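What follows is a set of structures to go through.
Next come two complexes built around chain A: one with chain B, the other with chain C.
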Partner chain A sequence: MKWQKDTFRIEGAEGASTKFYIVGAIGLFLTALGINANQEVAMHSYLTSFMFWMTIAFGALFFTLVHHLVNAKWSVLFRRIAEQLISVFPIMAILFLPILYTVLSNNDVALYEWAMTEEKMETLDLTKQHLLHAKHIYLNGLFFSVRFLLYFFVWSVLAYLLRKKSFQQDEKHTNELFGSLKNLSGPGMVLFALTVTFASFDWLMTLNPYWFSTIFGVYIFAGSVVALMTFLTVLVTILKNNDVLKDEVTAEHYHDFGKLTFAFCVFWTFIAFSQFLLIWYGNLAEETIFYKVRWDYHNWKGISLLLVFGHFLVPLILLMSRLGKRNVKFLTCMAVWLLFIHYVDLKWLVFPTVSTGEAIANTHQFILKGETVMIDMPAPFAFHWTDLTSLVGIGGIFLGTFWKNFVSQPIVPVNDPYLEKSIHFHNINL
Partner chain B sequence: MSAKANHEIDPFDPPLVEGGHSFGEITEKVCSVVEKKPGKEPIYWWLLLPIGFTGVGALHIFLGWLFWEGTGTWGLQNQAYWGWAIVNFVFWVGIGHAGTLISAILYLFRQNWRTGINRFAEAMTIFAVCCAAIFPGVHIGRPWLPYWLLPLPNQMGMWPNFRSPLLWDVFAVSTYFTVSCLFWYVGLIPDLATVRDRAKNKIRRYAYTALSMGWRGGNRQWQHYEKAYCILAGVATPLVLSVHTIVSFDFAVSIVPGWHTTIFPPYFVAGAVFSGFAMVLTLSIPARHMYHMQDLITMRHLENMAKILLLTGMLVGYAYGCEFFIAWYSGVLYEQAIFILRASGPYAWAYWTMVACNVLSPQIFWFKKARRNEFVLFTVSIFVNIGMWFERFVITITSLSNDYMPSSWEYYSPTLIDIGTFIASFGVFIFLFLLFLRFLPMIAIAEVKAIMPEADPHHHAGHGKDDH
Partner chain C sequence: MSSINDTVEEINSKIDDVKFDLEVMGVGPEDQPGQVVGVLAEFESPAALMKAAAKVRDGGYKFYDCHSPFPIHGMDQAMGLKPSVLGIFVFIAGTIGCIGGMALQWWANAYQYKMMISGKPLFSFPAFVPVTFEITILFSALTAVFGMFHLNRLPRLHHPVFYSENFKGASDDKFFVSIEAIDNLFDANRTWELLERIGGKNIEFLVAKK
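Take a look at the complex of A and B:
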């Protein structure tokens, strides 16, 4: 990798993206073997990994939009990274196809219970049947596919326009062009909020089609921003270790990464706590089921507590001080930890719908709409080898695409009028 | 030389102080308002003062009647046991959110434009919280026992119910009030000292000397001051979120359909910021003309506030939509019924007023022309104030008066006492605000100076291009 300081380009690093693609392909192949062996566990792994990388892309789209909207200056150096991260949406749409396939093939075992055939639905408890029928207008293969296409269409078009205008700015900066980026970002933010909310509902909340929470979209959004900020921290450290942006990125920028990571960890907690407290206090069975399966069975209590500590208390205490945020090594370690915790958070959302496989012995009574129904007991929380292969598989494709685009352009918006301000940015020192 | 001459104006980042004023001129501009001889106040001040004063008097009459007769004088019914009192409480507490958001959160985000408006937004916050405290305070049934709200050990060994969000409200609002006052006061100290130093008569000098607590403006003092301010901002930031979160818990922890929904905390916080900023606009647009402060509270300030209204207006719109969608999606009959009733039942007029004012009216701020037109800004801010009151009305009344048993449904109507008390609370607010404008510097003089280009240590009078 050769860093061209004057043109802000990385040269001789195109090969890395091929390597990412190869590793990704191997990962995906192994995951496919896993799906063949145990489709329920492997597809849940796949969905978790898919959401892990998607949330980073959501975060990057948010970062780009908000950067333009608030006319930010400190973050100009990192704008291009975020812009190149959002180039992955079309390829992520292709990687979503296995998930879509489970729905369209009425495979209710692999992921979504609501995807089952009409005949099978008749074997369920009457209450469940009634609910699934009532929701059928929303939860059906056709509408699910239409929404999937719509989300990716919106994200891809937004990404395309934001990137196109940004590359035009590299050639020649004009106030009109700069203004048009901001004008695009306003409606873009509205579309972002709506699509991310409904995508979170569709892909994660409907894993348990009987449960609902109005705050769920905000929860995923909060986690996405943490994922992006921590991913950015790790990436920038790796780049710096390879001499890229070595002089330009300083402790001042890490300080801001740290602040935003801290802020959004606390925001995530605010959202998670609001959801928990209201459901716990209301104590309605159709809502408490979400926490019941994540607390009462096997080792789930430990994982729930791990989130409280790992996603809230640890960053709260360690990132509160100025010192922690300005120490590159320390902050990068924190970022790696938080990326791990973010993955655990997603797995915590996805995996309780994996049943133990011994259906009869492991069903528990549960009240839904005043009627007693049976629920499958969740399998214990455990890491499966497909977790790793799917994470590496999707990650390889994600990073390969990102890297290919990243090195093909200057890695900062070279003609941005605030670039100098971003490079020489200083935090107020009290 | 003024900043203008040295720097090309960035169209995306225009200056926050216009008119090329020097530091001295700014001090003069702000302090002269406080230093006017009695009777020399602007005409509008004299026109508004009797309105405010009448409100204060009327409030005493209405509350006196309430204490004499009991809460039966209000429009409360068997189901709607929380009427206008809680609606007004949430309305005023919500307005009280912009001040601390501007002073704390925008400070931590280094949003320099806050300096033009933070002082009177904070004052507004404190007065709004005062108005808010009236309503639950007089609604406790036995108004001679308000201290029972506090966990004071007493001979009877009684404690308040710690599991009730109404008690959390007591803690949250009183903490918020304390910190807001502290924050406001700490920010005032350097400016109070300026007024003290300029004082020409004895009484004024003694009063402002006492208030400015020995501020001399030395290097050390400023250093400590800045640290204290930053720490207070850090402390106040979670409070901005926590107060309205707990207010939302008043509703959301109960399992009343339409109240029990998990998005309530962030939705209420967004709504509070929305209504607070609307009130800042309602106050700042007349105030900047009344006192000729157009150079310090510029169009850019107003435009930024318009953008925040657009954002937060859409956030509450998002929450309305989410609630509606999930009410359907949940499959819970009662949730569905209450939302259909809201939109088409006896209170549909209130629901659609709320939607029109809160979600539709700020949409005009997509256009720059509207964001820079004071008439439009003022009109929309009034709409938002109205809409946010109706939001709390819709939440409270629809869910209560249409309960599980249709035979007990009854249309809720307020009494004259309800309406009178609410209007009188505006009088209190206006009265306190007018006193503030008269006796305290309405703009943070020291902070405004700090964001002018001349305050930048890298600022060179002759070398405009060297700017970082």
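Take a look at the complex of A and C:
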């Protein structure tokens, strides 16, 4: 990797993206073998990994939009990284196809129970049947596919426009271009909020089609920004260790990474707790099931507590002080930890719907609107080898695409009027 | 014998300290008319002010201040101001608020007057979190505001610079450095010379008026 300081380009690093692609392809191949062996666990792994990388892309889209909206200056140095991260949406749409396939082939075992055929639905108990029928207008293969296309269309178009204008700015900066990026970001943010909310509903919340929470999209969004900020911290540290942006990025920038990571960890907790408090207080069977399966059975209580400590208390205490945020090594370690915790958070959302296949005697009953509902006992939280292969597989494709675009352009918006200001940025000395 | 002298000296120095604190807070004895309470120098630009501030700092002065119509980036470093201790106050107050808020609810609801609400346990942690959170924020915010007042010696109704007519421009287009006579290093001639040397214009003594 050769760093061209005057043009802000990385040279001689194109080969890395091919390596990422090869590793990704191997990972995906192994995951396919896993799906062949145990489709339920492997598809849940696949969805978790898919969401892990998607949330980083969500965070990057948010970062770019909010950067333009608030006329941010400190983050100009990192705008291009976020812009190259959002170039992955079209390829992520292709990686979504296995998930879409399970829905379209009425496979209710692999992921979504609501994808079952009409005939099979008739065999369910009446309450479940009623709920699935009631939701059928939204939860059906056709509408699911249409929404999938719509989400990726919105994200890809937003990413395309934001990137195109930004690259034009590299050639020649004009005020019109600068203004049009801001004009695009306003409606873009509204579309982002709506699509991320509904995508979270579609892909994660409907894993249990009887449960619902209106704040769920915000929960995913909060996690996404944590994922992006921590990913950015790790990436910038790796780049700096390879002499890239070595003089430009200082402790001041890490301080801001730390502040945003801290803020969104706390925001995540705020949203997670708001969701929990209302469900806990309301104490309605159809809502409490979400927390019951994540607390009462097997080792799920430990994982829930791990999230409370790892996603909230640990970063709250360690990142509160200025010292923690300005120490590059420490903040990078925290970022790696939070990326791991973010993965655990997604796994915590996805995996309790893997059923154990245990006999009816081991299932647990709930009374819902006067009728008994059978709830499958969740499988214990455990590491499965497809977790790793799908994470590496999707990650390889994701990072390969990102890296290929990243090294093909200057890695900062070279003609941005605020670039100098971003490089010499200082936090106030509170 | 020497121990009595020491004690007397100690008491005297403590009285001086108290007088000094009161003076700094602007509630000390009124300045005597005609008394020199400081020196004021004008500078042409924010950059000149910043350079001057650094030189006054290097001169060892503690009771000096820079006045400009708008905040200037980097002034804190130029004046050698240390990071504020306010954050520590706020952290302590927030912690007290957090523990106190939870304890208050436990005491009221689960200990002193046991009351079961909607079938929840007497000490129902989730239900107590919002109030605990709010009390933490309340304690932190009040400490931040009043701590800031204390550290800035506010409210303060008078300052030596107001003896100067020229100083009225400080809220418009002029930049000043003032050095107060309460500073240990203050010496009318030498302080004047210092300000002259570092490029101050329209230097004047701040003389107390009736």
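Going forward, the second predicted complex is superposed on the first by the 428 of 430 C-alpha atoms of A that agree within 3 Å, B and C clash if a C-alpha of one lies under 4 Å from a C-alpha of the other, contacts with A are read in each partner's own complex, and residues count from 1 in each chain.
Quick note on the criterion: contacts are C-beta pairs under 8 Å (C-beta built on N, C-alpha and C of every residue); 3 or more make two chains touch, one makes a residue touch a chain.
Given the structure is predicted, the values throughout are model-derived calculations rather than measurements.
Enquirer: Evaluate whether chain B and chain C can sit on chain A together after superposition, giving fit or clash.
Expert: In the superposition, chain B runs into chain C.
Enquirer: Look at A:Glu286 in the shared chain and tell me whether it touches chain B only, chain C only, both, or neither; answer first, second, both or neither.
Expert: In the superposition, A:Glu286 contacts chain B only.
Enquirer: One more residue to check, A:Glu420. First (chain B), second (chain C), both or neither?
Expert: Touch status of A:Glu420: first partner only.
Enquirer: Classify the contacts of A:Ala134 with the two partner chains as first (chain B alone), second (chain C alone), both, or neither.
Expert: A:Ala134: touches chain B, not chain C.
Enquirer: Identify the partner contact of A:Gln275: answer first if only chain B is touched, second if only chain C is, both if each is, neither if none is.
Expert: first
Enquirer: Counting residues of chain A touched by each partner, does chain B or chain C come out ahead?
Expert: Residues of chain A touched, chain B against chain C: more for B.
Enquirer: Give the one stretch of chain B, out of 127-135, 271-279 or 451-459, that collides with chain C after superposing.
Expert: Clashes occur only in 451-459.
Enquirer: Pick out the shared contact residues on chain A: the ones touching chain B in one complex and chain C in the other.
Expert: Residues 277, 281, 283, 428, 430, which sit in both footprints.
Enquirer: Touching residues of chain A toward chain C in the complex: what are they?
Expert: Residues 273, 276-277, 280-281, 283, 320, 322, 426, 428-430 of chain A touch chain C in their complex.
Enquirer: Considering the complex alone, what residue numbers of chain B touch chain A?
Expert: Per the touch definition, chain B meets chain A at residues 10-13, 110, 223, 226-227, 230, 238, 241, 245, 249, 252-255, 260-266, 314, 318-319, 322-323, 326, 329-332, 366, 468.
Enquirer: What part of chain C is in contact with chain A in the complex they form?
Expert: Contact set of chain C toward chain A: 73-74, 76-77, 81, 83-84, 86-87, 91, 118-120, 126-127, 129-130.
Enquirer: Please name which positions on chain A make contact with chain B in the complex.
Expert: 71, 130-131, 134-135, 138, 175, 178-179, 182, 186, 190, 193-194, 197, 201, 210, 212-218, 266, 270-271, 274-275, 277-279, 281-284, 286, 369, 417, 420-421, 424, 428, 430
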